[in-house]
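Chain nomenclature is as follows: A, B, C and D, assigned in order of appearance, with residue numbering initiated at 1 for each chain independently.
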Amino acid sequence: MLSFENDYQEGACPQILARLIETNLEPLSGYGSDFYCERAKEKIRQACECPQADIHFLTGGTQTNQVVIDSMLAPYEGVAAAATGHVSLHEAGAIEFTGHKVLALPHHEGKILAEELEASLRAFWEDPNHEHMVFPGMVYISHPTEYGTLYTKAELEHLSSICEAYEIPLYLDGARLGYGLMSDRTDVTLSDLCRCCDVFYIGGTKVGALCGEAVVFPKSNAPRHFLTRVKQHGALLAKGRLLGIQFDMLFTDDLYFLLSRHAIDMSELLKAGLKKKGCPFYLESPTNQQFLLLTDAQIERLKRFTTFSFWEKPDEEHIVVRLATSWATTEESVRALVEAFDEILA
Amino acid sequence: MLSFENDYQEGACPQILARLIETNLEPLSGYGSDFYCERAKEKIRQACECPQADIHFLTGGTQTNQVVIDSMLAPYEGVAAAATGHVSLHEAGAIEFTGHKVLALPHHEGKILAEELEASLRAFWEDPNHEHMVFPGMVYISHPTEYGTLYTKAELEHLSSICEAYEIPLYLDGARLGYGLMSDRTDVTLSDLCRCCDVFYIGGTKVGALCGEAVVFPKSNAPRHFLTRVKQHGALLAKGRLLGIQFDMLFTDDLYFLLSRHAIDMSELLKAGLKKKGCPFYLESPTNQQFLLLTDAQIERLKRFTTFSFWEKPDEEHIVVRLATSWATTEESVRALVEAFDEILA
Amino acid sequence: MLSFENDYQEGACPQILARLIETNLEPLSGYGSDFYCERAKEKIRQACECPQADIHFLTGGTQTNQVVIDSMLAPYEGVAAAATGHVSLHEAGAIEFTGHKVLALPHHEGKILAEELEASLRAFWEDPNHEHMVFPGMVYISHPTEYGTLYTKAELEHLSSICEAYEIPLYLDGARLGYGLMSDRTDVTLSDLCRCCDVFYIGGTKVGALCGEAVVFPKSNAPRHFLTRVKQHGALLAKGRLLGIQFDMLFTDDLYFLLSRHAIDMSELLKAGLKKKGCPFYLESPTNQQFLLLTDAQIERLKRFTTFSFWEKPDEEHIVVRLATSWATTEESVRALVEAFDEILA
Amino acid sequence: MLSFENDYQEGACPQILARLIETNLEPLSGYGSDFYCERAKEKIRQACECPQADIHFLTGGTQTNQVVIDSMLAPYEGVAAAATGHVSLHEAGAIEFTGHKVLALPHHEGKILAEELEASLRAFWEDPNHEHMVFPGMVYISHPTEYGTLYTKAELEHLSSICEAYEIPLYLDGARLGYGLMSDRTDVTLSDLCRCCDVFYIGGTKVGALCGEAVVFPKSNAPRHFLTRVKQHGALLAKGRLLGIQFDMLFTDDLYFLLSRHAIDMSELLKAGLKKKGCPFYLESPTNQQFLLLTDAQIERLKRFTTFSFWEKPDEEHIVVRLATSWATTEESVRALVEAFDEILA
């Protein structure tokens, strides 16, 4: 049985495990105050070309979204996000749990349009009753999106300029950031993110770590007493070293980028193979997630060859499924899956 | 420099790291639905002699307290706890963050007295204005407490019977449970906890794991849709395997108990050595944390030999410090520390 | 200057003020435990033909929505509501403040369609990832809606049967309930609401009271310790008599219905007059709020004659405004306003 | 039967009712934006000799405490208050509901000591683990306290200087402020409060109004978007006029002070009479609430003559009861009650 269910089905990349073992007996202070956390932060600042960035490590994606959004919003503010955004749909109300509304914007293959964002912000401020409404206090985007799509640099700059005009922060959810940065079809760099965003995170869990996300505040703008906020959310790890050592390793010798690039290569190989077979794609994804539009019968046959994720049901006859690659995907398994589509599509 | 600062300064016990490596490339389903989580739960049920227990894994102690307390209380209820309880003092308001008051009870070396608990519950219900007050909806105890002390079986049974009479759950915070169970001076077993408590957790972070706590609902009484509650708190790990594999290992061949026993042995060795030197103890602790009552000058000298934790300042002349042992403490380091007290106390 | 801005611009109907004065010096117990609250509840039960109803008084509409929804939902649940519902748009996030998501449904002149509700509930339960999503735990409708429209009895019964099938309560926001019940074009009675809804409120603030809303739980199903929940929300009035006396009066000699009927008569007179003048209506409202679709120039002229409310801006050339009648609207003022439209529309 | 149960058992003082009737038919804009609210604010600013004060009206005491404390604290902060403070004990957890801890301080007949406050603040900041604790972000005092006692001007100034030194606001709960200001034994004026406090409220509900409290931010320091915060808490009254008209009246011709003075006169008459009879007082109260220490048998006899409030049970043999006077208390009823004590104490 092949495994293309998601990009977090294995443990960690071997280099990380080796590093955990090497450092295991060093006694280190807790709660993220150790040497490895510091060094990892410094390496990330260098990778971002952003020496003044505040950096904090958290354990998972939903946790990161909850802590960052809650601690950057005023209590009367909500966060604007695509209706398909992770915070809108798939976090069990983690944002509302902290008292904030997610203000849904239309999505276009997972992305929001700067024009639609601007129209919605303008409509809020022009509404004479806006004091009775939730203030839009932040814009959330994911990159890659939940559909694997990417913003262009021009699009990011446009969103950024709108946020600046309305004096609200732009937050980028980078749960799969590596795959975005290493895509063949992107002009966006880490340094661009530091320029365009007020906060973003570099996802580890889905890019080779056991767990962990690195939150970057590129303008030295971490919320006051952020460590206490993290603790209050139940999100402060006692053995902060677990996060520090992993990110220290990921940002050594470009490991984060090499792992991501491998997943992209595998994804492109898969896409090319499936296209050749005539497999119908739901949309064009330039990253490590590919979305297929299959019939029930095809899905039944797919199940015999590989694990995959159910995504959505656009109509009665079809289902969208996701196939994901990662650092752990082998060329061999991709070729085997492509071959299986002869039978699956038949 | 020696290291007695706490019991979470190293990584994980070597057996856990080895197991993470062995299982690393197995593709597993996410969010705690994998084989290792299931097997770890089954082993814990056996260790508890409690086949019907619901078990869930979380990442850290404050997170566990927050999720468990919030999901077991009605919204108009608070949790009664010692004024020195971790939830009362050292979780940055994580319980209040979820809308619940911590109702402080007097403490006796970290423990609450059943009689005082009963008096406080009775006073609440007899107060004609109690509908304008926070309902006591749960009792929280830690075992070992924040002062390393332990409840006896009779004390636990007494607390349990009061909770039963008032129809509220008894919750035991077992962040350091192993050290309690393996103390020379305890008559409490895991099976007793299943009988006396409505929920408790078996701490991993402070007993040899990289992270992780196992919440046990011994009466098949996990709150409805607990996984969604965990997700809503931002506490659901994508790679649930990280927790499952660790607890699977900890409950194989009594590893959890052997690690704990080693720490107790080291703690007893330290205690005996220091007592012989005439070192003043703040209280008598039967577990892996020892509390010394030192002067400022003694503390200055202590700093030259080992790391330790500041605990509290009972008066102008003294400071209470904590020395902690763990699975990683060596006999050699204990002997070196004891020896150093000739100079420290001088 | 005429006044058609809203239905809460005057104080209270004179009968209520007279009653407040008559009872003013009677010492009464606080927090809603007084004789008048009891008698008002009994009269409402009779008007509803629902002797077993639990009834509670609150001060205002948003407060009522917040307290009712928060106290009836489980923490992991949200409330489904029209995207134009008061709870969705105009309560400054009061629902999210209590940790619950408002799950937006498409609206049709303010109403939701049973078919669309059913489809959304079914989609949730069929989604294999639904444990990572907010559970739909209640359905909120307003009647009259924010656009003055009404559900038919058949529509209510349909919504009710879907809620029953999915085992979630149906909640009806009756901020303007009187105007709904006394409309010429309704077949819905209070007794129908008791049958179809699990909770609803009878609005006082917008139907002749100084303040006050009566929450009806027709199935003796008030949440446990509801008074404490109300207190916890900061919503318990010390002088509960203020609410009890008003509702006692409103439900004496059909006052609530007579006040509402007068407003409907005035609204129908206004509508007939404006239609005759060729005034464009935004939609057909059978209650006390009328929505006109005017140009900027017309609005400027309208301002010279009367106060009114801005509603929304459907396109660049038009604005929707609302004119509202109430118990205090005089026939004279309606005729004056109608006449003014010769000039306004010119 | 006499009535000394509390100071909110009657409706409103007659002048307020008369004013509500006079103004009843004036159409006014909603949500506190009307002329009477504005004029009441101006009159309060004059009474406070504080022209720059921001003033907002809310409906009740617990609501006011909740809204003010929540909107002035940072999310990681709690409020320090006497263990007997209303926010600590009798608001059903309304403060914790908004995510904030109430940090209990020792009380002395309801008051906190500046020295103890300072020690607790210093201890927090000196604790090396304070980032894991709730930050003290505000100090709450009530004046009069829940025991009818008062701070002296020197005590207020001392508390104020400590708050200033630690850069946290001082909040004074003035639910019964009138009785404090008009006590025979006070040197505190409204103007002192503006100088010493960062926010306080002038209670209406317990001093002659139907409902309503006036929050004063004497340093033009109302939290940003306070109206939206109020709305979000479900605390914004549609007919804001109800509050504005009452406070406009209360601050016309010194009505607020005359009503309060009458209650003080009645309280002093009662106290003098009871002392002469040898009645045991629990403590010395200079305001409108008197606390008696009676036996069960005496309480049984007391019940035959008057209503009163149970306060607390200091030991098995005694009960503390409260007798309260108000604007509505007559000299005749006081004399009758005093006389009854011949029999009650016998």
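Heads up, the rule we're going with is that contacts are C-beta pairs under 8 Å (C-beta built on N, C-alpha and C of every residue); 3 or more make two chains touch, one makes a residue touch a chain.
Small disclaimer: the values here were computed from a predicted structure and weren't measured.
A count of C-beta contacts for the chain pairs A-B and A-D puts A-B on top. Centroid distances built from C-alpha atoms place A farthest away from chain D. Per-chain CA centroids place chain A at a distance of 51 Å from chain D. If each chain is reduced to the centroid of its CA atoms, chain A and chain B end up 34 Å from each other.
Shared interface positions of chain D, i.e. residues touching 2 or more other chains, are given as 75-76, 91-93, 97, 99, 131-132, 228-229, 231-232.
By the touch rule above, chain D contacts chain C in their complex via residues 3, 5-6, 8-12, 14, 17, 20-21, 23-30, 59-67, 91-94, 97, 205-206, 210-211, 228-229, 231-239, 241-242, 307, 328.
Listed in rising order, the residues of chain B touching chain C in the complex are 70-71, 74-76, 99, 131-132, 135, 224-225, 227-229, 231-232.
Within the complex formed with chain B, the chain D residues making contact are 75-76, 78, 89-93, 96-102, 104, 123, 126, 128-129, 131-134, 310, 313.
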